[in-house]
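Pasting the structures in now, so scroll down.
In what comes next, chain A is part of two complexes: it sits with chain B in the first one and with chain C in the second one.
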Partner chain A sequence: MNIEVRHLTKKFGSFTALKDVSLDVAPGELVALLGPSGCGKTTLLRILSGLEFPDSGSILFGGEDAAAQTVGDRRVGFVFQHYALFRHMTVFENVAFGLRVRRENRPSNEEIRRRVEALLALVKLDGFDDRYPAQLSGGQRQRVALARALAVEPRVLLLDEPFGALDAKVRKELRRWLRRLHDEIRLTSIFVTHDVEEALEVSDRVVIINNGRIEQIGTPDEVYDHPASPFVYRFLGNVNLFHARMDQGRIAIAGAGESPEGTEHPLTAYARPHEVELSRDPGPDPALEADIIHIQTVGPTVRIELRRCDTGEIVEAELTRERYRTMACKTGERVHIHPNRVRIFEEPKN
Partner chain B sequence: MAVNSIRFTRSNNRRVGIQRFKAMILFKKRSVLPGFGPALGFTLLYLSLIILIPLAAVFLKTAKLTWPEFWQTVTSARALASYRLSFGTAFLAAVINTVFGLCVAWVLVRYRFPGRRIIDALVDLPFALPTSVAGIALTALYSNQGWIGRWLDPLGLKIAFTPAGIVVALVFIGLPFTVRTVQPVLADLEPDVEQAAASLGATRLQVITQIVLPMLWPAILTGFALAFARAVGEYGSVIFISGNMPMKTEITPLLIVTKLEQYDYTGATAIAVAMLVVSFILLLSINLLQWWSGRRTSGGVT
Partner chain C sequence: MTPSEPVRGRAIAAQAVTESRAVRFLLIGIALSFLALFLLLPLAIVFATALQKGWIAYWAAISDPMARSAIRLTLLATAIAVPLNLVFGLAAAWAIGKFQFRGKQLLITLIDLPFSISPVVSGLIYMLVFGLQGWFGAWLEEHDIRIIFAVPGIVLATIFVTVPFVARELIPLMQAQGAEEEEAAITLGASGWRTFWSITLPNVKWALLYGVILCAARAMGEFGAVSVVSGHIRGLTNTMTLHVEILYNEYQSAAAFAVASLLALLALVTLAARGSVEWRARQQLRAALRRSEEESHEH
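And now, the complex of A and B:
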């Protein structure tokens, strides 16, 4: 089932949650809606599900306009951040609910039992039929919620921050499991997240949203390697920011990145901490001088905070442990920084 | 505790012994919440003074009767008729209040409209109004000359001075209980759960009957129990509207007062004991029902 979203706009009072959003999702794709909180990603998902209605614009499910369809008619599976399980029902009854409430072609009891058992096996919860949601862990509850959503054989699966309420370890396990499950059932799925790692790891394509607008759509590699805007670049990871002005050439980092030539506009060069190299001698490239003010080891990497001698701005560098050991730098030491890969954006006027 | 330690400084052994005893009885585990001992002590004292001692006195007074005398008093035809009336009307009123209290709570929680806060405040009025005032007002309204009664009278419906009038009065005084117990629980229901049911294809009616009502069930039961208990014991409003005819519209509390006025104290307490025992059994079974329905969902979904 492919989904087409055309020029969607949604306002809550004076707050514009979505501005002219258009998006295509191919059948069987797993798409992440990624953005900071309040950017409109959840609103978009809820409009797709029919729980919320747009002010203008249209949604087509398989070429068919969904505007007139209620949430129940759309055949979308919706998974909520806080599970939204029916706490007075057993796991079995939760999953069976969507089948039991059917008015037409309701399956027989044996058929319901067979399908629920199959779904519980799919989400690795066989034998949990008679438990109540209160007796399950967060990860198990979310898998019940997923089985419940899948029970109605939805055309599209929508997940609202599905791992948001889980602790870090379970989160990681569950999202990998979700990816494998998706590869198995190939159901068109859209999930909302504010976690960059999660979006990049799980999805086929990432839709990055900011302030109700789509900033960029692309595969995880595309958005990470070729961010379309400074926002995307900053949002996808830590960045160091170097102001540059072409005509003056005061900062000699321009040679390291692709820069639009001959512009008079002020430019901004971005480099990720792991793309910043430190050395004791200036080397052939023009480099910046900075003092090390803080060194912190985080797992396999070493994070170094430096203060530039010329502007006093803080620069962050990330070294591997081996590199750190061979260099053996210390707090207070003066070193040269070489951003070896930078992205340059024109600075917005003002 | 400070007093204890001063008192027992000389006798070290004894002090240790006492502390160990205390630790055993009161502080099975070290708790970050201090004051379990004093709080429990106060609770017991308070409950004793307010509830247990008066009730014990009722039983003590009744104990002056021999068993056959007691049995004869509590099973006299007049007493039996009054139990039927009291418990029957209280039950009916509690059922009515449960249904309409749920409606009122639903409207107050789910919709925003002008005057909502005023209606919200009105719900508590039966708590504050002297029940006799309510009784007189309802009698005036529902008697065959009253604003409402005059329209019902030609239809052959008599409310005042019949059991129906008693139900009306009991509905009035019981309403706040059902509304106030259901309202906060309804307000706390996550909209997610209803939306989830809707996205699975449930109709609005199915969502209400299969999701919302079962989740409200413990609160509904509590409201029912409170309204019922309040109605069984109600005196002030009922005596005005019921007409107080023995065997027909005489409620048990009135029968007790009548016996007191005739200086039949033991007879009065005997009937009180009968009423207490029946009420206790009924409330206990409601509590058990609640415990049973709450057991499986305890812990809740976070």
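And now, the complex of A and C:
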């Protein structure tokens, strides 16, 4: 089912959680709401579920206005950050709850048993029927929460920081598993996360939210390769900033002496650490000089911290181990830096 | 990490902060002798004095029509006050634990008010409101409704002094549990009523029962507030505590202690009930923990 969000605004007292948010989600899509904590992403998810109400704007589920629908009528599956499993019920009863509370066409007991067993098999928890939530690991609880949400045959699945409370390894496993599950059942799903890697790895499209506003919507590649704003650029990864200026139709990175004063459009060039090249000779492009102050090997990459000779600003570069070995640079050495791929944004005017 | 490691770690930590054997014995000894002197000894004296003149006199004292009427009245007041407080306590704790609203802190303070006011003062307040010279006195007199120096006054006073018990037990628990499970139930299509019965109530049942037991104990033992509004009309408005006082003032100490021993027995029964409720709650928790420990062994 498709979801249309139109001009949603929500305030909590004087704090504006969402400002004029509009969003379309196609049927069967897996969308990530990504942003720093307190940016409004969870509020958006809760409004979609019907647990919270917007101050203005509307939500259409499959073309129908959701404002008139109660939480129960919306047929939305919600997976809570801390799972919110019913602690006094077994795994079986947790999953069966949504079916048991139906007022109309409640399935028979055999039907409920059949469906719960099928869901537990789907989330790889067959045989856990009689356990209580306290007896399960975090990953298992998360999967019970998912089975419980799926039991009511929702039209949309909403997940609030689904992997937030898990340790790194389980988290990785579970998100791949969720992606495969989504490919299998093709249920329109929206999940909230503050973890960039998670959003880029799992989702079909990413919605980046900051201060209650949508900064950019796009596929993981689109947002990573073509960030729409400095915020998106910074949020998606480490970044180096260079002041730049227009020089006869070409963009040039400014050295210390040539501050962007006098130019009409002061610019900022952004380059990711892995887009910064290091070399011993200046090369054809004007290259900046910098001293290596720290070298750190992290897994397959080598992080190098440099201080620019002209401005004293810190620049971060990331080399593959191979490149690092062939170059064989050392701490204290003076090298040239070439940002080989930059993205330019206009500097905010003071 | 095996599950026994944190346990061992805890034992070492306990050793590090513990006192020497002599100091421990001294402290425990002081606590125990204090208990014996101020709790067990008086209790023993109550029963000894009650049975001073033999079982026949004991039976006569508690089967006396006036005593029986006092027992009935105490049980009646308790039977009315406890369910009312149960409903009120649940409603208040539900509101405080699950919702955000203005005046929440004020509500918590108000619930505690009966703890901080002397019961005699609260009795006097009822006199001022419902007594003959009080605000509603004339109106009540006209309609021939008796509250003060009658059973309704005693029930009201009992309700007032027991207000905090159920709410106080539930508020911290419900605040700690938050509203997530209820929200989950609602997104799964449960009605508010269904959510309350299948989710909220089972999650607080032991604390609720514990609050009810404390509330019942207090309702039966109340003296000050009831004494002010009762008027001490024998056979009509005398509760057990008041009856004990009257008997004692009339130098019938054996009879007084006989009725007092009944109150003490009720207290002991409540204590036992309380103990078993606590024990069951702990038992349940331990079972859950044990099973999850076995679980982590398997992995």
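The working rule: the second predicted complex is superposed on the first by the 333 of 350 C-alpha atoms of A that agree within 3 Å, B and C clash if a C-alpha of one lies under 4 Å from a C-alpha of the other, contacts with A are read in each partner's own complex, and residues count from 1 in each chain.
Methods note: a contact is a pair of C-beta atoms (placed from the backbone, for glycine too) under 8 Å apart; a residue touches a chain by one contact, two chains touch by 3 or more.
Keep in mind that what you see is a predicted model, and the values were worked out from it rather than measured.
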Combined model on chain A: chain C and chain B, fit or clash: clash
Which superposed partner A:Asn238 touches (first chain B, second chain C, both, neither): neither
First, second, both or neither for A:Gly98, with chain B first and chain C second: both
Chain B versus chain C as contact partner of A:Gly72, first or second or both or neither: both
Partner chain in contact with A:Arg141 - chain B first, chain C second, else both or neither: first
Partner chain(s) touched by A:Thr311 [first = chain B, second = chain C, both, neither]: neither
Doubly contacted residues of chain A, that is, touched by chain B and again by chain C: 49-51, 71-72, 76-78, 80, 82, 84-88, 97-98, 101-103, 132, 134-135, 148-149, 151-152
Of chain A, residues touching chain B in the complex: 49-51, 70-72, 76-78, 80, 82-89, 97-98, 101-103, 132-135, 138, 141, 145, 148-149, 151-152, 165
Complex contact set, residues of chain B against chain A: 190, 192-193, 195-203, 206, 210-211, 214-215, 217, 296-302
Complex contacts: residues of chain A adjacent to chain C: 49-51, 71-72, 76-78, 80, 82, 84-88, 97-98, 101-103, 131-132, 134-137, 148-149, 151-152
Chain A-facing residues of chain C, complex: 180-181, 183-191, 194, 198-199, 202-203, 288-289, 291-292, 295-296, 299
